[in-house]
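First subunit A sits with subunit B, and in the next complex the same chain sits with subunit C.
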Partner chain A sequence: MNVKEWMNKNTKWIFTIPTLVFVVGCIGYPLCYALYMSFHSWRMSSVNPPIFIGLANYLAIIKDERTVNATLFTFKYFIVSSALEVFLGVSLALILSKIKRAQGVIRTAFLFPMVATPIAMGYVWRIMFDSSMGLFNSILRFFGVSPIDFFSVAHVFKSLMVMETWTGTPLILLIVISGIAGLSNDYYESAKIDGANEIQTLFKITLPLLTPTIIMAFLLRGIEILKIYDLILATTEGGPQRMTENLNYLVYTYAFEYMQMGRASALMIFFFLIVMLFALTSMAIKKRIERGYE
Partner chain B sequence: MVQSMKINKIIGSILRGVIIFITLFFLLLPIYYMISSSFKTQRQMMDFRQFIKFTPTLNNYKILFRHHDIVHPMWISIVVTVMATGLACLLGVPAAYAISRHKMHKLSSIILTVRIVPAITFLIPWYIILSKFRLIGTKTALILANLLVSLPLIIWIVVPYFGSISKELEEAAFIDGCSEAGSLVRIMIPLSSPGIITAAILSFIKVWNNYMFAFVLGGSKARTLPVMLKVFIGYTGIDYACLVAAATIVALPVVLLSIFMNKYVVTGLTAGAVKA
Partner chain C sequence: MKKRIGLFLTVLFVLSVTLFATGAKETIAQKEEITVVMGTSGNANAIRKHLSGFEDRTGIKVNLESYAAADVQNKVNINGAAGSSEIDVFAFQPTTNTKSYFANGYFEPLNKYIEVSKSYDYEDFFPSARSSTSVDDTIIGVPYMVEGEIMWYNKDILKRYGISVPTTFDEMLAVAEKVYDPANNVYAYTLRGQGNNAVGAIAGFLYGFGAGFFDENMNAAINTPEALKAIEFYATLCMYGPPGMQNTKHSDGINWFNNGLTAFRVDSYAQSFNHNDPEKSSIAQDLGYAMLPRGKIGTYTPYNTVGWAYAVSATSKHKDAAWKFIEWASGYEMEVESMMEGGFSARSAVWNDPRIAEVVNPELMAVVQQTGEFGYPYSLPNNINAVEVRALIGEVIDAAQSGLRGSELKAVADKINAQIQTILDSEK
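Let's turn to the complex of A and B:
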């Protein structure tokens, strides 16, 4: 067997092995390394090697109030923003699908929040919300209202949610709108013959048929929401009083600010499990619903 | 009865118009604010009466290019983005072809979990390993890290395109003595070029926008544009005017890309959730 024949026979491996090695090597090995590191204490020093400390990092995490707060904040942020984004995204998609004029222009506008550099837009939002320079306070001043500190304890979450909906809603909208375009007309025609009104068609036909698409959109956006980092770094930097630190932000702080690699690794494994759990559950739910239609 | 239905319809379309208008306003506000403010002085930014009508100044950009090193980060950003996207296409397109042609589902699911895994999970070990090899602060480190995100993205987008091309076309080529590699280059790639362009654009946007890798692995030597923005946030205060000007420079390329290539960007962003 000559080289050429062998190459032809194994093309599929020649094509995939580089990618496979790279991806597995660069994800699998680091994950194992992180798992190993999570049982050690190490501060990136070349003189003092990592010391084995067993489960101490994990116990420290559970006891640490900061971790508990970050976990709760991650969930709060996730629940509120995904509810807002799914509701707004789906309703706007339903409205937009009825409009025939200027579709292209409107859709392009929805692309901006998705593509514009997150960290840059985060800074722009920070300036807009700023207590002295900001746009919103300049409007308040214009109307003679005293300025508001949008990043204070009382307002910071609302401000974050405004920025988050701006960033996140377009993805859900775009996915749902193409889902609507893909729905077969037959359903609607038979509904019309049966004398269903618009609200009935919406709740009995359109929304049930769209459910898998909506779940998929929720999954894709949800993963991003759990991993939000740039926006928080650019605007609140975790403050005030560390109340807007999420898990991703905290892992980062432990690793690259305090250089506590062991503890950061343990926290990272915990964070990784949460993200995986969310992704696997929503995929399972989507599959089950799709099977229901067959 | 018919009349009341007509009135209902008119009210409905007016309501829709109003909602769309408000949404568009909200969507475009930060972009408009960023671009317009970059041509304003700090005092003009604070004055709501000059929100739309103002005398533009190029002063912010002048200061930016004279007193801050923005050309070097620009160069790093361009090199890293182009190299990572190019390499990702080079490795990802053949892999996508093999996955779609031989139905290697297990492989595709391994590669796609990478899209789910948070970047920080491999960033910590990468940082430790790369600092052992003294690669922190090099473009190589940034290109490798970004490749890890771009590669799965390319595969994710391109696989369905290859799958949608009819098998008969390829089989005819095989009968004529064409190898799989030959068929990929001569038939599959030309036919699925829209998919490959989509994937390349998406990868470009992702790498260009990436902050975390560049900040951690780039150090002070390989600072990309997104990382450079931090210069304007000082301990004593923020240089607002320069910050918006720099933010405009960072975000404008991808915003323009999304205007001129909007069809590709839409398919790329919704890939996987929507059948191509």
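Let's turn to the complex of A and C:
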């Protein structure tokens, strides 16, 4: 067999192996190492190797009040922000798809938050929300209203939701607007002939057809929301009283501040399973809906 | 024939030049190259300014990297844990890092280098600074920045409200009541409000009430009556600050004081450069420097500690070159240069250098000297798992900031004290 024949016979492997090596090396190995580390106790020592402690790290995180709070906050953040972002993203996409003038400028303006560096934007938001010198409190003061501490226990979650929605909505908007562009005009023409009005067209044609696209946008943004770290670091650092500490932030704290690599790895595996579960569920729902259209 | 000779000579010339150049490159390649990771500071600025002189004189190529404190710690941890030889010299924060890094084997002992370096004058470093960079008799680092608790004040606000600089904790409260004027957006104090951030700032207040993070036997002591009084006092002072001070981070405090919102700010004097530079601060011309007022125990109780120190990585492949760098960077001349750039030297002789008197404000100089005299050596917990304990102490401060007082605060402190004790017991 000459080289050409060999290449023809193994084309699928030649193209697959680089990806396979990348996936195993950059995802598989770190994941396996984290799994290994989660059964050990190790404080980043170069003289004391990791000690096998079985399931102790997992048992510790189950009993740990801080982990429970971080998990609950992760879900709360995810549910509220994804609902807001999907609602706003889809609504804006529907409105923008109707605007025919200066389309490029308007769409670019809406996409600006997506290209801005999250950590830098976080710092800017923090300055704007500053309780004494921030933009919002200066406006309130101008109208004779007492300043608000936007990062207090009472307001911090709302403030985070404002920042998160501003940052995350453009991705949903971008995906949904592409989905709208791909919808066939035939449906709308048929609906028009049948006498459907705008509202009926929206709820009976546009939204049902867009559902798989919306789920895909929700999936992509949802994973990002679950993993959010930079915005919290730049604004609240998990406070006040650790009430804005999510799982990702806690993993970082255990790993790089407390140097408890075993515990951080166990928490990371737990977190990984949550993200995985979310991704698989979303994909399954999307598939079921698509099957319904076939 | 002449043409051939000419061609031959040309080829010979080109070859010889090429080979010579290659040889020169080899000589450069043979030069030692070290990587230094340190915090962004006046010292880093001074080193960068004078580095080429050191490189030319020693033939050691230095890759200087300066980062924010948290990033330095991350890099050092990862380098140490991986046993990597990528970093040769690293900076560390002795209060927090000495014990944990020592336990993890990150440090190369420096005794043998210091012993043979006669002109270095290691004894010139402040005794407390030498002590916090040694473990028993092993010298693990060289201090390069001292820092102590200070109270800056805004002369203009003091004049407008007819108040003077408080000299005791009681006077701090009395003055706060006079200057607290939310209607005009003027407040008394800028302090670090958010718990974890406030742990260092509260140290001088704890000492002032006769308390501390730990007792003399390294047992947790954050729930003692004295400690609780200090924490309550601190939280009460915070109530005289701008709205939202309970959640402030370090950077917010700098902005508030620089924009003339508060009459006083308490923090480390190493940050004076944030306030006395007219380009950064609108109150630079009105800036005053004072000691942290006397505590309830009757004396000054600021912390006076080593902020940063140099160490040679145990995994470095260029330890001699790394030491040469430290010897130069922390030598007398470079320490003077660093102070000119805003650093605070741990060498006592440097403070008497006439060049320093010209650039350092005399009020600040007086505070630094007094702080050296009265200062307590730790601004933060100094156990092995110091960062974790710091976060726990921060929770007690947060509880006080949320308004808890008396038995309610004690209940929180008791619970957290037990958690800290568990950590301390695991270290014994």
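Worth pointing out:
Definition applied: the second predicted complex is superposed on the first by the 272 of 294 C-alpha atoms of A that agree within 3 Å, B and C clash if a C-alpha of one lies under 4 Å from a C-alpha of the other, contacts with A are read in each partner's own complex, and residues count from 1 in each chain.
Heads up, the rule we're going with is that a residue touches a chain if its C-beta (ideal position, glycine included) is under 8 Å from a C-beta of that chain, and two chains touch if they have at least 3 such contacts.
As the structure is a prediction and not an experimental result, all values here were calculated from the model.
Superimposing the complexes on subunit A yields a three-chain arrangement in which subunit B and subunit C clash. Looking at the superposition, the partner that touches the larger set of subunit A residues, subunit B or subunit C, turns out to be B. Once the two complexes are overlaid on the shared chain, A:Lys227 sits against subunit B while remaining clear of subunit C.
Of the two partner chains placed by superposition, A:Ser82 touches none, neither subunit B nor subunit C. By the document's definition of touching, of the two partners only subunit C reaches A:Pro147; subunit B does not. In the superposition on chain A, A:Ser159 makes contact with neither subunit B nor subunit C. Of the two partner chains placed by superposition, only subunit C is touched by A:Asn48; subunit B is not. Once the two complexes are overlaid on the shared chain, A:Asn57 sits clear of subunit B and of subunit C alike.
Look at A:Asn246: by the touch rule set out above, it reaches neither subunit B nor subunit C. Using the contact criterion defined above for the overlaid structures, shared-chain residue A:Thr74 touches neither subunit B nor subunit C, since it reaches no partner. In the superposed pair of complexes, A:Thr213 makes contact with subunit B only, with no contact to subunit C.
Overlap of the subunit B and subunit C contact sets on subunit A: residues 44, 127, 130, 132-133, 141, 256, 261.
Those residues of subunit B whose C-beta lies close enough to touch subunit A in the complex are 16, 19-20, 23-24, 26-28, 30-31, 33-34, 37, 42, 45-49, 51, 91-92, 94-95, 97-99, 101-102, 104, 107, 110-111, 113-129, 131, 144, 147-148, 151-152, 155, 179-181, 205, 208-209, 211-212, 216, 225-226, 229, 233, 238, 240, 243-244, 246-247, 250-251, 254-255, 257-259, 262, 265-266, 269-270, 272-275. Contacts from subunit A toward subunit B in the complex involve residues 7-8, 11-16, 18-20, 22-24, 26-27, 29-31, 33-34, 37, 44, 92, 95-96, 98-99, 104, 106-121, 123-128, 130, 132-133, 135, 138-139, 141-142, 166, 170-171, 174-175, 178-179, 182, 213, 216-217, 220, 223, 226-227, 229-230, 233, 248, 251-252, 255-256, 261, 264-265, 268, 271-272, 275-276, 279. By the touch criterion stated above, subunit A contacts subunit C in their complex at residues 43-48, 127, 130-133, 141, 147-153, 156, 236-237, 239-242, 253, 256-259, 261.
Across the complex, subunit C meets subunit A through its residues 73-74, 77-78, 80-83, 100, 103-106, 185, 187, 194-196, 242-247, 249, 252, 255-256, 259, 261, 314-315, 385, 387-388, 391, 395, 398-399, 401-402.
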